[in-house]
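Should a chain be cited, it is by its letter among A, B, C, D, E and F, assigned in written order, with residues numbered from 1 in that chain.
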Amino acid sequence: MDTNLLEIIGGFIAIAGSIFLLLGSIGLYRMPDAYNRIQAGTKASTLGTILSLVGLFFIFPSWFGKFMVLILFVLITNPVSSHVLARAAYFIKVPLTKLTQVDKWKEHRDIDESRKAHLRKVKIQKEGE
Amino acid sequence: MKWKNYLIMFIMLFVIWLLLNNSLEKEIVLLGLGISLVLPFLLCGKCEVFTNLNLSPKAILYSFLFLFTFLIELVKSNFDVARRVLSPSLPINPGIVEVKTKLKSKIGRVILADSITLTPGTLTLELIDDSIFVHWIDVQSVDVQESTKLIVSNFEKYLEVMYG
Amino acid sequence: MVNILLIVAASITLLSIGVSMIRFVIGPSPVDRVIAFDVMSVSSIALIALIAVLDNRIIYMDVALVYGILGFLGVIVVARYLERGM
Amino acid sequence: MFVVIAIFIGVASLIGGYIAIHHEDLSVAIIASGLVSLFASIIFLLLAAPDVAMTEAAIGSGLTTLIFFYVLNKIRQRND
Amino acid sequence: MEYIAISTGFALMLLGLWGILSQKNLIKIVLGFTIFDTGINIVMVSIGYVKGKAAPILDVINASEAANKIVDPVPQALVLTAIVIGLGVTALMLVYVLKLHREKNSLDINSFKDLKW
Amino acid sequence: MIKKWIILGILAGMGLIFFDLFSAFRGNETLGKTADYYARHGAEEVGASNIVTAIVVTYRGFDTLGEVTILFLTAAIISFVLKIRQEDILPNRPIRITSELLDSASQVIVPVIFMVGIYIFVNGHLTPGGGFPGGAVIASGVLLMILSNPNFSVSHKVIAWVESISGVGFVLLGVMGILFAGGFLDNRVLGLGDFGKLFSAGIIPFIYSFIGLKVGAELSNILGAISHAQNEKN
C-alpha cells in the first residue's frame, strides 16, 4: 500500500511535468517574437523535464543516479543554450516585436559606436595636423 | 593549474561517475578514481572556473539557501509563463533593460546569468564587464538601479558570499 | 493504475512535441526553428524516460543522456553559425 | 501506447523530411534533417534496438549535422 | 508496430530519392542522401523486430531463456556499422562539395558540365 | 519538362517496388537460425550481456576492424583534399567572439561530456552503446572546445599518438587471441569473469575502449580538418 501510494504520487508529478512541457510549446506557438518564444520555451521545458524525471524517480527509486545526472545536465545546459541563441538572434537582427518598450542594449551599442567614431575622428585630425 | 579548481573538478567527475554506474563495487570505484584523476589534467590546463569558490561553512550553508530560493523562483516563473500563455489577450510588455552586478568571479557570473534566465520573465542576452543586458517580458522599470534591485539582488546576496 | 497515469503523461508529451512541430513548420526565421528544435529534443528526453519506465528497462536511459548532450551541442553550433562565430 | 507514439513520430519525421528537401534556406533544411534523425532514433528505441538508437542519436543526428554546418560556414565565408 | 516503422522507412527512402533526383543544389543532394540512409536503416531494423519481445541485452532476462525473449540482434549489428560508414561517406561527399565550390564558385549542379558530352 | 516526367517515372517505379516489398512483409514470430544461435550461446561463449556487442566485437570482429580502417582512411582523404598551397591561402575574416557565459560554462561541461563518453564505451558489454557512440560523444566534446574558443586547435601530435596506440592495441589484443585462445579476436584471453560485472566478457571492455578512443580521435581529426580549412584565392 505504501509503495503504491508513492507510485501514484510519482505518476501525478510526471503528468504535471508533461503539462508544463505542453504549456511551453503553446507559448512557443503563441508568442509574437523570437525572444519571447525563447523565454517561454526554455523555462517550461526545463521545469517540465525535471518534474517528469522526479516523478519517474518516485516510481523507480533505484534509478536514482541516471535521473540525477540528467536533471543536473538539463539544469546547467538549457539556460546556456538559450542565452547563446538569444544573443545570436540579437546580433543577426531578428526583429523585436512592436510591443517592445525599451532597448537599452541598442542604446549602449550606439553610444559605443559613436564614441569609437569620435575617437577615430580625433585621431584623423591629429594625423592631419 | 590552481589546486582548488583541480580538486573540485575531480570531486565533480568522480560523483558523476558513481551516479552513472549506480553501484559501489571495488573495481568501478578504482576505475572511476583513475579516470577522474587524469581527465582534469588533460582537459583543463587553463581552466579557472572554480578557482574563486569559497569553501567556508557559511558559504556552504548559503549555497543550500541559494538552491532553495532558486527552485522556488523556477516554479514561480513557470506559473508566470503559464498565466501569460493561457490568458487570451497575451499580456506581455517586453523590453531589453540593463542591470549591474558586483560579482567578479567567473563561476559566480555563470550561475547568476543562468538563474536570471530561469527566473520569472527574464532572459540574459549579454554580459559586458559589470552590466548584464536582460530581455524582460514585463518591463516594470527602465531605470538601472530599480531593475537591478528587482532582478539581480535576490540572488546576488547569496552568490556574493559563495564566490566572493 | 500507475501505467494509466504514465500513458496520460506520454500522450501530453507527444502533444507538446506536435505543437512545437507546428512552430518548426511555420517559424519565420531560423532562430524560431532552432528554439522549436531545442524544445523538441528536451521533450524527447522526457518521452524516452517515460518509454523506459513503461518498458521497465533502465538501459534506455543512456540514450536520453546522449540526447541531452547532442541537443545542447546542436543549438550551440547553429547559434554560432548564425552569428558568424565559427 | 507504443503504436500511437510510433505513428505520431513517423508522421513528424516525414514532415521533417519534406522540409529538409523543399526549404530554400539551407540552414533550415539541415536542421530539419537533424530532426529526421532525432525522430528516427526514437523509432529505433521503440523497435527494441537501444544500441542503434544511441548510435543514430550521437552520429546521425549529432555529428552529421555539425559537419554540414561547418561546410556551409566555409562556403558562406567564400561567398561574401 | 513493425508495419508502421517499415512504412515510415520506405516513405523516407522515397522522399530522399526524390530529393536526390529533383534538387539542383549540391548540399540538398547530400541531404537527400542522408535521409535515404536513415530510411534504409529503419527498414533493416524493423525486419529484425519480433513482436512483443525485448531488446537483446540480458540484464533482466536470464541467459537460459534468452532465445525466446529477445529480438533479432543481427540486423542491429549490421545497422550499427552502416550508420558509422554513412557518417564517413557523408563527410567525404561534403568535403568534395567544398572542393567543387572552390573550383567554380557555385553550388548548382548544372554548372559542372566538364565531363558531359 | 521531360526530365520531370523521367523523375516521376523512376519514383513511381521505386514506389511500386517498395509497396510490393511492404505487402510481402510479414512480422517475424521466431528468430532466424543465426540469431537463434547467437541468442542461445552468446552469453556462455562470450560472457557479454549485450548480444549486439558480442556480435560486433567477437563474432564479426573483422568487420569492425575494417570499419575503423575506413574511418581512418576517410580522415586521411579529407585532410588530403582540403590541403592547399601556402601562397593561395586567403586570410580569414575576423569572427565574433564567444560570449563569456559559454566560455565559462563549457569549462564545466566539457569534462562531463568526456566522462559520459568514457562511461558509454567502458560499459559497452553491459549497456547499450559501445565504442562508436562513445567515440562520437568524445568528438562532440572536442567540438564544444573548438566552438567555445575559436583559437583552440586540435593538436595533431596528441591525436596521432592516441590513434596509433589504440590501433596497435586493438590489433595486438586480436593477435593475443590467436596465441592464447581460439583465434583472431577471440575474447577468452582473460577469462570470462562474472556475468554482468564491469570486468567480465574477457577482453571486450579493453577492445571497446581502444575502439572508442580511436573513433573519437578520428572524428575529432575530421572535425578539426574541416573547421580549420583555409579558403583559397581564385
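We take it that contacts are C-beta pairs under 8 Å (C-beta built on N, C-alpha and C of every residue); 3 or more make two chains touch, one makes a residue touch a chain.
None of the values given here were measured: they were computed from a predicted structure.
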item: Any chain that touches chain E and chain C; value: D, F
item: Pair of chains joined by more contacts [C-beta pairs], C-F or C-D; value: C-D
item: Chain of greatest Cα-centre distance to chain B; value: E
item: Chain centre separation in whole Å, for chain E relative to chain B (CA means); value: 40
item: Length of the line joining the C-alpha centres of chain B and chain C, rounded to whole Å; value: 23
item: Centre distance in Å when chain A and chain E are each reduced to the mean of their C-alpha atoms; value: 33
item: Gap in Å, rounded to a whole number, between the CA centres of chain F and chain D; value: 18
item: Where chain D touches two or more other chains at once, by residue number; value: 2, 46, 50-51, 53-55, 57-59, 62-63, 66-67, 70-72, 74, 78
item: Per-residue multi-chain contacts in chain B, two or more chains; value: 16, 20-21, 113-114, 124, 126
item: In chain A, residues with contacts to at least two other chains; value: 24, 26, 38, 42, 46, 63, 66, 69, 73, 76-77, 80, 82-84, 87, 91
item: Set of all touching chain pairs, with the criterion as stated earlier; value: A-B, A-C, A-F, B-F, C-D, C-E, C-F, D-E, D-F, E-F
item: Contacting residues of chain D [partner chain E, same complex]; value: 2-3, 6-7, 10, 13-14, 17-18, 20-21, 26, 29-30, 33, 36-37, 40, 43-44, 46-52, 55-56, 59-60, 63-64, 67-68, 71-72, 74-75, 78-79
item: Touching residues (chain side chain C, partner chain E) in the complex; value: 55-59
item: Residue numbers on chain D that touch chain F, as the complex places them; value: 50-51, 53-55, 57-59, 62-63, 66-67, 70-71, 74, 77-78
item: Residue ranges of chain A in contact with chain B within the complex; value: 20, 23-24, 26-27, 30-33, 35-36, 38-40, 42-44, 46-47, 62-66, 68-69, 76, 79-80, 82-83, 86-87, 90, 96-97, 99-106, 108
item: Contacting residues of chain F [partner chain C, same complex]; value: 95-98, 102, 109, 113, 116, 120, 127-129, 133, 137, 140, 143-144, 147, 150, 227
